[in-house]
Structure formats: structure tokens, C-alpha cells
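In the two assemblies presented below, chain A is common to both, partnered first by chain B and then by chain C.
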Partner chain A sequence: MRYRAPPADALIAAHLDTLTAIFHRRSGITHLVTSPAPEILAALTHPLTQEELLARLARDYDLADPDGDALAARLDELVASGLVSIA
Partner chain B sequence: MTDPITPATGPTTQASEVSASVDDGTTAVGVPTRRRLLQLGAIGAGAVVSIRPALAQTAGSVLNCDIPVPDMGHAGNFIGLDGTLVPAGTKGSFAPPGRPFKGEEVRRAMSGSRLPGTSYESNRAYMNYIRRLQRGQGGFTCFASLQMPR
Partner chain C sequence: MRHSHFLRIGPVGFRIGSDWRAPIAALAELYRDYPIPDVADYTVRLYASQPWRRWIRPSVMIGGDYMLPEAAPLPLAHGLLAAEMAMNLQLALGHRRHLLLHASVVERDGRALLMTGESGAGKSTLSALLAANGWRFMGDEFALLDPLTGSVHAFPRLISLKNESVAAAKTAWPKGRFGPLLAGTPKGDIRHLVPPADAIARMDDPATAALLLFPRHGAAADVRDVPPSEAFIRLTQASTNYVALGERGFDALTSLIRTIPARAIDYPDGDTAIRLVEDLWAQL
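Presenting the complex of A and B:
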């Protein structure tokens, strides 16, 4: 199962200190997200499996908790919000 | 009569809870000393809060409005565990419920109880479908109206 974020032009993001406000044009919904959601969205410009995403994040960041279950929970939230779809 | 705003008496911990997830690891002149720290586990609540379009509705109409699963345009489809619509009979998917859910039933399910007549898994599938409703789909206005401040 692969996950993907919407194309960049489908979202408008505004960084608000520790929060990021993301307006999703298609749904008209604004999402307030906090780390690691923006980092996950940035990594999912191409469809990735959960394992590939974890490897990508581990490459780009020092992961405090390189935990597949925690990443799965964040992906579930993003899928439920409509910000991430299953490719 | 108006109530005065009571000042907080205890220490405020909210800011430190929120900012604990990121350490940008720079020196005073901004030179990175190490890569950014990223924490995947949620700190307290989840990482996403969605703000639905504000819609004026009375409490009564919100609780009685209907959310069909799936909407009329997709009648006959089954609901996958992740809330996507799949062809009828797809393995691991769920047949549509026999009737639309009421706003009040969905509101209760959002706070932890189950939609009526559902199992743990079919409840998850139906709720995932409902959470993904978008403008123009049947039930979107009803669901959006449930997103009121607590």
C-alpha cells in the first residue's frame, strides 16, 4: 500500500510558528497540523509505502522514535483528514 | 452581568508541550550543528486538526440531518476499511448500512461510541468514509455542521 500527498498546487500552506495551516482547495477544509505532519506531506510528493516513508524520513531527519506504529498512526490521521490518499 | 476572565494560576505548560517536537539544532549564528530532530509519536493529541467550513445550522437540524453511506451517486458500492468506495463484494470491505446515519449518531461515534448496527471494523470503515466527505457529496453539509467548537 502506497501513500501520496496531493500535488503542491492543491494545497496552500501558511507556517504559523510550530503549527502549519494547510488549506485543501478540493475540500475547502483548512487543517492545522503540527510536526511530523508537514514533514510527512513533503516526503509524499511521490507515492511511498510506509516502510519507504520511514526510510526517507530517517534519511532526512534524526528520528527520535523510528517507530513504524507511530508513523502508521500519523498516516491514519492524514488519510482520515483527506490530506493523504492511498495510491 | 458578565463574568470576569479568571487569570490562570498554575504554570502554563502548553507551549513547551507543542514545541517539544522540533529542535532545529542551530548555533547562535544559525549554523546547523546537527540534523533536525523529528518525533513521529504524537505528543498528547494527534498531529492534525481539521477546520470545516462554518455553516449556520441550528443544533436540532444538525442532530437530525442525514449522512448516507455511500451517497446516492455511489449507491451499490461497498466501503473499504480506509473509507474508500470499492466494488460490491470486494474482500475486506463492508456492505452499505441499511439506512443513512443521523448527525447525532455520527457525532456520538466521533467521541468514541460506535455507529448503530456496526461492528468495530465496519464502524471504522463507515467513519473513515464520513471523515473523507468532500463538498458536493451527499452528507458533507451535515458532517461539516457537526464540527462545532466543543
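Presenting the complex of A and C:
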């Protein structure tokens, strides 16, 4: 199963502080997210499996202890919110 | 409608129609220095629920271009309040030219102080007190944020004072023009204060937002920083048309949040509030 974020121009992100406001143009909904959601969305510009995504995040952000279960939970939340779809 | 009046408040023109003369007469007197609009953006109607209710236990239904189906009628004695509520309703439900923030606004040197908070936080009272201390009053109900320029436009309608804030405003504005006492309204005892002459004369002058304040009346004096994310959330809640404006609203609000500082103040009385505001303003 592969996950995919909307094209970059479909979202507008405004980094506020620990929270990032993301406007989803297609739905007109504003989402308030915290790390690692913005990083996941940035990494999913191309469809990736959960394992590929974890490896990508571990590489890009130098994760000492990549946690697959935690990533799965965050992906489920992003899918439920409509910000990530299953390719 | 049998009786009508046209008036413009800032960039918004209203046509107010009524089945009764009294609310229109009160409006015409209190808004006598306001211009007549070229075009009425919104129509407000004060009407009787049944023809005989014009005369027998008259009660005022609130209507217009935009209506709330569950809006309860008001007694004719509160007709002025009904007109004010109806004008606010048109803006809250229909306005799309600006991002509307439920806030009072005062200005100094071209820069605007926005004060927002729940009803009873003291937005109206504070704006009236600051206006008596050298600030220009721009509005006590809505800040109109232009999504294109980021400017704040004035909407200086009558200042709505509730309960004990009437006495405070009378002290600050001993020569102020006050409307009739509207006792026992759903919001308590209300009196309207006509904004100062310069607020009306300069109501077409926008200002640049400089400080966002979340005042709270009734606690010991305190000031704290409000992080941008909290300010963003509170302002989306304080906006009546954020969702309707879509991307324009998002851009306008995030730009505002990232441009100006946000502070929360607690204050026990008006003098303390003015001191806190002046201190914060001096630090900008």
C-alpha cells in the first residue's frame, strides 16, 4: 500500500510556531498540524509505502530510533483528515 | 417598508426599513452625522410577525438580506437594539470584501490596535476609554481586514455599552451623546454611545495593524505573550466569515498573525487597562 500527499500547489502551509496551519485548497479546510505531519507531507510528493517513507524520514532527518508503529498512527490520522490519500 | 433610513458606516452602506417609526427615528438621530451611501450593500428589515403585532404588544422581528431563522423577536422598546443587531447580522453573514474579526479597534499614528475576546471581556468599554485618551475609535464590533492590502478598515457604529460599563463611559465622555437606556435586554442593560466626531469624520481612513490584544476584565493586572498558533485559533473562532473567504481568509489571517505581536492582558479596572495598553504600545 502506497501513500501520497496532494501536489505541492494543492496545499498552503503557514508555519506559526510548534503548529503549522495548512490550507487544503480542494476542500477549503484549514488543518492545524504539528511535527512530523509537515515532514511526512513533504516526503510524500511521490507515492511511498510505509517502509519507504520511514526510511526516507530516517535518512532526511537523521532519526536515531525510527518507530514504524508511530508513523503508521500518524499516517492513519493524515488519511482520516484527507491530507494524505492511499495511492 | 413604511419607514426607512439610509446610512453608511465605514465601507458598508445600509438601508434600514421598519414597520414602526420609533426605531428609525432613534437611528436617524444617533447616526445623524453619518453619510448617506451611494449604494446600500445590505437591507435590514424590522417587521411585525403578524399585522396586528404592529399595534398589540408590538414585537420586532429582525430580517433583511440575511436572516437567522431562530432569531427571537424583541419588544418595540428595544427597537434600536434590534436595528443594531440586524445590521451586525447582515455583515456577519453576508460580508465577503473583508475578513471580519469580532474585535474592537482603535488607532494612533496610522497604526491599529485590535482587541478581541468573548462578550464581556471589555472590548467596547476599552475602545471607548482609549478613544477618550487620544486614540481614534475605529469600531467596537468588527475589524474589517482587507485581504489584498492587509489594512484594517473602520466600522465605527454606535458603541454598545452594557451594564456597569455605561457609568465608566459616562465618566470618560461627560459630553458624549448617549442613546436611550434599553433595560432588561437579553444582553442586560444597554446604552449606545455615538462615536467621537473624529471617528466619524475619518472613518474612510484605514490603518495598519500593529498589535493584537486579548483583554480580560475582572482579574489582577497581568500581561502574557500569546503564541501565533493560539492567536490563529482564537481569531478563526472570532471571525464570522473566515470559512466563507476560503484561501483569501487563510492568507489574510496568517499574514496578520505573523506580522504583529499578540498579547493577553488581564485588568481589574479601566485605568489599569489603559496603562497596560500604553506600556505595550510603547514597546512596539
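In this section, the second predicted complex is superposed on the first by the 85 of 87 C-alpha atoms of A that agree within 3 Å, B and C clash if a C-alpha of one lies under 4 Å from a C-alpha of the other, contacts with A are read in each partner's own complex, and residues count from 1 in each chain.
The definition used in the following text is that contacts are C-beta pairs under 8 Å (C-beta built on N, C-alpha and C of every residue); 3 or more make two chains touch, one makes a residue touch a chain.
Note that the structure is a prediction, hence the values are computed from the model and not measured.
Once the two complexes are overlaid on the shared chain, A:32 sits against chain B and chain C alike. Once the two complexes are laid over each other on the shared chain, residue contacts for A:71 go to chain B alone; chain C is not touched.
By the document's definition of touching, of the two partners only chain B reaches A:61; chain C does not.
In the superposition on chain A, A:16 makes contact with chain C only, not with chain B.
Within the superposed three-chain arrangement, the count of touched residues of chain A is higher for B, of the candidates chain B and chain C. With both structures placed on the common chain, the touch criterion links A:5 to neither chain B nor chain C. In the overlay built on the shared chain, the residue A:81 is in contact with chain B alone; chain C does not reach it. Contacts of chain A with chain B, set against its contacts with chain C after fitting on chain A, overlap at residues 18-19, 28, 30, 32. Residues of chain A that touch chain C in their complex: 12, 14, 16-19, 21, 23, 25, 28, 30, 32.
Taken together, the chain A residues at the contact with chain B in this complex read 18-19, 26-37, 39, 57, 60-67, 70-71, 73-74, 77-83, 86. Interface residues of chain C, counted against chain A in their complex, comprise 227-229, 232-233, 236, 243, 246-247, 250-251, 254, 257-258.
Note for the complex: chain B touches chain A at residues 18-19, 21-22, 34-42, 46-53, 82-84, 128, 131-132, 134-135.
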